[in-house]
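Please read through the structure below; I'll follow up with questions.
Chain IDs A, B, C and D follow the sequence of writing; residue 1 opens each chain.
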Amino acid sequence: MCGIFGIYNSPGASLQTFYGLHALQHRGQEAAGIVTSDFDAEKDRRVFRIHKGLGLVNEVFRNEEIFQKLSGASAIGQNRYSTTGSGTSLQNIQPFAVNYKSGNLALTHNGNLSNQRTIRQKLRDDGVIFQATSDTELILHLIARSKAESQLEQIRDALTQIQGAFSLVILTDTHLIAARDPQGFRPLSLGIKKPPGKKIGKTTGKLSKPLVPAETPEYIVASETCAFDIISAKYLREVEPGEIVFIDRNTIETGHITSSFLPKAPRKARCIFEFVYFSRPDSTVFGESVDKVRRKIGKGLSHESKLKPDATESYLTVISVPDSSNTAALGFVTESNKFGTPARLELGLIRNHYVGRTFIQPGDHAREIKVRSKYNTVRGVLKGRRIVVVDDSIVRGTTSKLLVKLLHEAAPKEIHLCISSPPIMNPCFYGMDFPTKDKLIAHQFGGNIEKIKDFLGVESLQYLSLKGLLQSVPHHAGETESDEYGYCTACFSGHYPVPVDNATTVKEEND
Amino acid sequence: MCGIFGIYNSPGASLQTFYGLHALQHRGQEAAGIVTSDFDAEKDRRVFRIHKGLGLVNEVFRNEEIFQKLSGASAIGQNRYSTTGSGTSLQNIQPFAVNYKSGNLALTHNGNLSNQRTIRQKLRDDGVIFQATSDTELILHLIARSKAESQLEQIRDALTQIQGAFSLVILTDTHLIAARDPQGFRPLSLGIKKPPGKKIGKTTGKLSKPLVPAETPEYIVASETCAFDIISAKYLREVEPGEIVFIDRNTIETGHITSSFLPKAPRKARCIFEFVYFSRPDSTVFGESVDKVRRKIGKGLSHESKLKPDATESYLTVISVPDSSNTAALGFVTESNKFGTPARLELGLIRNHYVGRTFIQPGDHAREIKVRSKYNTVRGVLKGRRIVVVDDSIVRGTTSKLLVKLLHEAAPKEIHLCISSPPIMNPCFYGMDFPTKDKLIAHQFGGNIEKIKDFLGVESLQYLSLKGLLQSVPHHAGETESDEYGYCTACFSGHYPVPVDNATTVKEEND
Amino acid sequence: MCGIFGIYNSPGASLQTFYGLHALQHRGQEAAGIVTSDFDAEKDRRVFRIHKGLGLVNEVFRNEEIFQKLSGASAIGQNRYSTTGSGTSLQNIQPFAVNYKSGNLALTHNGNLSNQRTIRQKLRDDGVIFQATSDTELILHLIARSKAESQLEQIRDALTQIQGAFSLVILTDTHLIAARDPQGFRPLSLGIKKPPGKKIGKTTGKLSKPLVPAETPEYIVASETCAFDIISAKYLREVEPGEIVFIDRNTIETGHITSSFLPKAPRKARCIFEFVYFSRPDSTVFGESVDKVRRKIGKGLSHESKLKPDATESYLTVISVPDSSNTAALGFVTESNKFGTPARLELGLIRNHYVGRTFIQPGDHAREIKVRSKYNTVRGVLKGRRIVVVDDSIVRGTTSKLLVKLLHEAAPKEIHLCISSPPIMNPCFYGMDFPTKDKLIAHQFGGNIEKIKDFLGVESLQYLSLKGLLQSVPHHAGETESDEYGYCTACFSGHYPVPVDNATTVKEEND
Amino acid sequence: MCGIFGIYNSPGASLQTFYGLHALQHRGQEAAGIVTSDFDAEKDRRVFRIHKGLGLVNEVFRNEEIFQKLSGASAIGQNRYSTTGSGTSLQNIQPFAVNYKSGNLALTHNGNLSNQRTIRQKLRDDGVIFQATSDTELILHLIARSKAESQLEQIRDALTQIQGAFSLVILTDTHLIAARDPQGFRPLSLGIKKPPGKKIGKTTGKLSKPLVPAETPEYIVASETCAFDIISAKYLREVEPGEIVFIDRNTIETGHITSSFLPKAPRKARCIFEFVYFSRPDSTVFGESVDKVRRKIGKGLSHESKLKPDATESYLTVISVPDSSNTAALGFVTESNKFGTPARLELGLIRNHYVGRTFIQPGDHAREIKVRSKYNTVRGVLKGRRIVVVDDSIVRGTTSKLLVKLLHEAAPKEIHLCISSPPIMNPCFYGMDFPTKDKLIAHQFGGNIEKIKDFLGVESLQYLSLKGLLQSVPHHAGETESDEYGYCTACFSGHYPVPVDNATTVKEEND
């Protein structure tokens, strides 16, 4: 997964991009990069400036000097999360910046192309060389090889040839371009930051003065709206599934945003897991507040669960696995109380804020130490109690098992595990880092919940049903149950909305 | 402030210390160091191995090679938080390791000596040279200059000469020594990790196998017990105020821990702020669970607050400033409901996990960007509501003011701020990083709550009373209200339990 | 300029390449890189491993871990010297490694293509994207786009399309390939390292045991033979101008080296400046010992110079600018004595060995400090004497002027400057880092030696004539004076042996 | 060994010190440090600023920011060469900067104290703690513990208590102080840099303008005068053996340099090895040009050698091991020709300029690769010839043996090795990094030259006699043969001019 960001017409564009990527850090921690477009007076032409590296955003962009070099009023950037174990190689860090017949072009991609094998083979046969192993490089070649005259048409031409999940931010010598695949797998939003005189609603006016003085608006695109908040920009709307948005000088002057649409897909297929786990709760994705959806998920889970206080308790003790499950746990407790089951949210697990990429000695206990580094129990809360633990999902099961073990050391009477999503039975070919089937715990036990429960060592295990999950997310006009209300649920249901070429091996191809 | 840690008789002592320091990372983020005691077969004598550096624990100890060099079965370490703006200089990173007439000695210190000026002057006059600016170096000189014959007596001799706050962990060629000042300002706990065969209670037995195989127990000392949990060690007890604990081969073989006591202080003076903010909620400090105390603090705050739902509300919407105020907010809500004021905890603020030592462009907006990097609001939770915000304390007031501003952008109807501690009116001379009086917002406004409220821009402001705070913390036998139940409350009350020489300038002396 | 190296069938190929690049360090100090070809058992296919970075070879390859990652029995590498002031960008560090229809391919290039503009334009129009700015990337695209079936034919096909200077080392999944342009501008030699049992002549047998045990020979290519010596390999022969050498498994087993030749050029055009300055004196380039040629150059300079001891001297005091002019100065002195002019070589200038990429504060005196950091005078040798200073060449004139100033401070009576090459009047378009015409001191003064002499502040200035230079270098069969004996002398004579497209701007294109 | 430097009254003192240390880089490559004395207006007192690190000078001081922090008009610095195999630990990098009763004091030391064990034991007994293992720390304690009132008297007091080799540069809040031990083991010189208006002799006036504008002179001290040249300062005189030089504001204003003398030693004992190898040939040490002495050494070696051309030769082919033996080889050749033995200097060995601290894979061939990285032969010069190789000294013999092997590969007819110094039979206790007796090749073979010759594999081996060496160095008034003309020759003769306490182990004590 990745976090992508772009900004147009901003003094200090690279610094704004840095803040945006910082807010999107949860979407990828392995590498980060920023490309700016600048006018080089000495060379009398536009040049692209690049800085990329392995590590967190604040490790890659660690001093002011870097920003001085990244001059220019437009920029795009990415946080990268490699899906392979071997990590991101330098060649694969995005954005990719190239020069071709229509000038400079930089591109960053969140998603995964499902027809990459076919395209790659065709390009190879045509004499294309590949410097990276990621599918993103393919898009660049398709653009450069397009016979279309204008750069905008070349981009559109290329995007009609690719399938699968792609949210893109592209920078050219003249434009900032944002695009989403017709199914809308990954989120992408448009924002604006207006100059101080021209107030944007009431609240912004409270800021003493803007971070960057300007007399014209700045336009921003980002995977999630939390990247707008950090730079005091305002959310405008989603980039629509299949939409290509073009921002240029004219947009700045007239406020008019030009759009083009890719051929319509039979159905939308937004990644429902963005709501379950991936996106930040303070973001708006797919046009909806993540917090709100997660609250509903918790409510649904509360209804599906059969848990009641036992004879010794006056209420259910509910704890969340912080921080990803906090909202669902809160929804669970609120709903329980509302419908007659007394419940209380307790802080039974503490998360260490300084867990990063800690050096861990390899060996048997590495994963255990990692869990112990990240979480600690509050014994006073847990000891002797029946506890309901709300967690977001179970993938391989190893971390869950270790977490349960950690909880057991605090000597609770019983542990009841409630999961905010259905069992993950299938890999994702659209960008989520789920392993192959044989490593998914739910698949291993053939979806037998009882066996998973025993494996984890808990007294009971409750997954949210797919139906319950689909009821928690926003439904758009015209989207029906038969289309899963416009969501991709492949990891749960096995319904892959877009065919995947050579699905068994495509995971390896993608870096 | 600092986190200190020591371990004796542990294969891989340095790695265990690393994990311990990692758990104590919240006590200091500027520098870290580990010293091990090892037998050098080639030199046929014991040697101390040292690795120290600026940065977080996982930045300073970033690869396995470092641990290979840090061989030896005993180790001590520290996380350091510099109290001066200029940061920690390399010379001041602890532990300090020296060689003197009785052999090697390494020492690490959490606290602040109140008679350091007097001691320093005397030592200077006697021809002592100082390589660091911290008060910790003074202790080393006092030990080396003691006329006592045995090393243990030299240490005792030195500790009788110093006043103020000191929790110490000392490593010699033969011993691991832990000591606390007679008032017990800073916490320090003893732990043990027994070999697998010799089970320590029921829960430990659940661990598949120990991190480090051994046939004799390992002894551990740490500022907080969360450092025991991460290495699966068991909490034994506090090092007592005024106690010097000596651990050596004999302790390992017999299980007998030798103690010596410094002259008794007129009263104990545990830092009450450790409970309010500094310690992790999953730790036990001063013999009590921090979580439990913070829960009581929240309850007390709920009682003192006059807040009720207004006509438009069916319950109070309470949000915490994560993560430090989560427990108090939970206590607030639980108590409110118990005593008839309906209240609900909501997640209105999200904390970014990746905030570290982010590069921030200097300038007007640096602090604002820092607050925006750390927190984000959940608009759906806040918009149009009266919200009760629970925070732990207000020091300078600048961060609180920016946080209020951030909350305002999410357009709540009203903001009511509840603080889990009394107004901070006085600087701390015992190790807490509070600035001089004139920078304390409560002091600036002469303790006028109304004015502070206006300055922050909230509808109401409620501090917990000192009385309420003292009722939330554990009282030990013989401790009375006149002695503030054995706690130091100087930052609130101005009652300094130990005199400070040249108090107005001593802050500068301490690095 | 660059140093290039390749090795085939060597256990520890990357380490051998490191040593080879180390010996070639003088050919480029800005960046270095190594690519190895390895069989990845897990992926069941060949993979290329890459490590590149800015800096000297021992800075880029600074620890053993790097070599452990660079596994594989074949490797190629490069030292890079950027010809632009702005330095080498990361994208331009070689070798370039790509994947295309015929598998993996890595390439490194010493030289400069003279028809790069034409090729680039054509490729751009065909939809090719460029990630680097160097001309080397063009060769990769030409190979990948060739319609030829076999990889070897694709390479040959590509090389027929490029013009100018190119010595290439290419690594594929099966071959190590070396090639030189038909004019033979840059040197490239073939070497072999035989297994210990199979002795290679008498001297090698004296080595106790080989660096890498092997039972089959290792083949090596390198810009200069000093790279063979450091790894105890033996010089076989030059790669011929226009030759493409293919080394594979068959070569190892049979000892047979396969060659193919590009269409013959009207004349050869070896860079004569390699002999004057660039190559190391202990190398063999263009089939001749550099030391031997430089000795002859010094002899020729002695004949052309009119210098005699004056009345107060019994012999000429000759000093060299170390270390590049040592050999020529020695030849000068030997020849002088032989033909009746008593002369003595003296060490009047000492070169500091630790001059590297020293931090120099920008400003007026930066260049002066650089000269002072690099050279120091021996006053006792210079004071009061007439000195003859032998230097290799004068490009911009600024360093020479500062060197003369430095010598003046040691108070010699007179300074007579003898230069081992003719005046540099023209830029080089074949890879030597000479600036544009207007920055060449000889061009600035219209070739007026008297004016250059005055500018430098010396008593006399003697350049070696072009004729004298051409008499010092080896002449091959069939090469005549009209073809300048097969050498390129463009920088002196303006005779460009290969046309340059858009010569006035091509310098900027080349990174 | 070390290079030490100090400067007083210089704008940009730290940058000047950097250049000075750069020129002294050959005296130590393991670590470097600079301390400046600055007035901190905010603290209203003088502060010392420190930057130290492992590596070459340009690695430790790698950017301008470092110099901005090292503000202040006075500075001292050191290049350090550790004498133990384990390398320099961070604690031992000089200068040492401390604070004591008389203020700040920083000190750097070249040499080795011969009574360090006695002093250390006494100080330990008195309760002193040691943070480093070097003898230099002892001097600081002696100063701080002196009962003398003035700082200058304290320093003098301390220096009377230490014995052995010490050249010191000390910086206090008010003074720059330079001192040498009474025997004068290590060199130390005084220099001056006058403001532009006040010309210093004729030559300096030729400089366009000074690096640092000033209206008062800057005073400089340095191990060798090459450090003066690089910053365009002028050599004034040696610091005399036993002299303590005090430079302060008064010196600047009046030009008067205050001196004090330590009790006179029975005889001087300048390290004769400084002339043989250690100092740069362009330096003046002990009041004499190193180049001049080395020339004489070469002449003496020519006389002692019995080498003549054989029947097949018309002259002797002499090559030097560059660069350290260049001057001696030149002297050898000149003298040979003068006295009837025709001889020619040839460049048969080339030294690679980029050898630094190259990564070398550990193992059997590490040392061989090191020699091969450093030197390369010129086969055309050596092949089939009888060659006379001039080298400076033989310590362990391993490098010489490998060098001979390397020369043999170039197939000379015979190798005759001439060494510019007598056999090294004894370790040095005064700062030169010679190993213990059993590792000295001359000692191993009991001084039997024939056996050493066979071990090295040369046709003949000629050492310069001690008498010949002593005739090559300057003799001062009153110095006689019985006192070895005021030189220390202990490594050759075993005459240790100052007793060494516990000589067998003292090598380990010294870092």
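Points to keep in mind about this one:
Everything below uses one rule, namely that a residue touches a chain if its C-beta (ideal position, glycine included) is under 8 Å from a C-beta of that chain, and two chains touch if they have at least 3 such contacts.
Note that the structure is predicted; figures quoted are calculated from it, not measured.
Using the contact threshold fixed earlier, the set of chains in contact with both chain B and chain D is empty. Inter-chain spacing, taken between the CA centroids of chain A and chain D, is 61 Å. Centre-to-centre separation of chain A and chain C, using mean CA positions: 50 Å. The distance from the centre of chain A to the centre of chain B, each centre being the mean of the chain's C-alpha atoms, comes to 36 Å. The list of touching chain pairs reads A-B, A-C, B-D, C-D.
Taken in their complex, chain B has these residues touching chain A: 15, 18-19, 22-23, 25-26, 29, 56-58, 61-64, 67, 202-204, 206-207, 209, 211, 226, 229-230, 232, 280-282, 289, 291-292, 322-323, 326-327, 330, 334, 344-347, 350-354, 356-359, 361, 364-365, 369, 372-373, 376-381, 405, 408-411. On chain B, the positions that touch chain D within their shared complex are 43, 50, 89, 91, 96-101, 105, 124-131, 133, 140-141, 144-146, 508.
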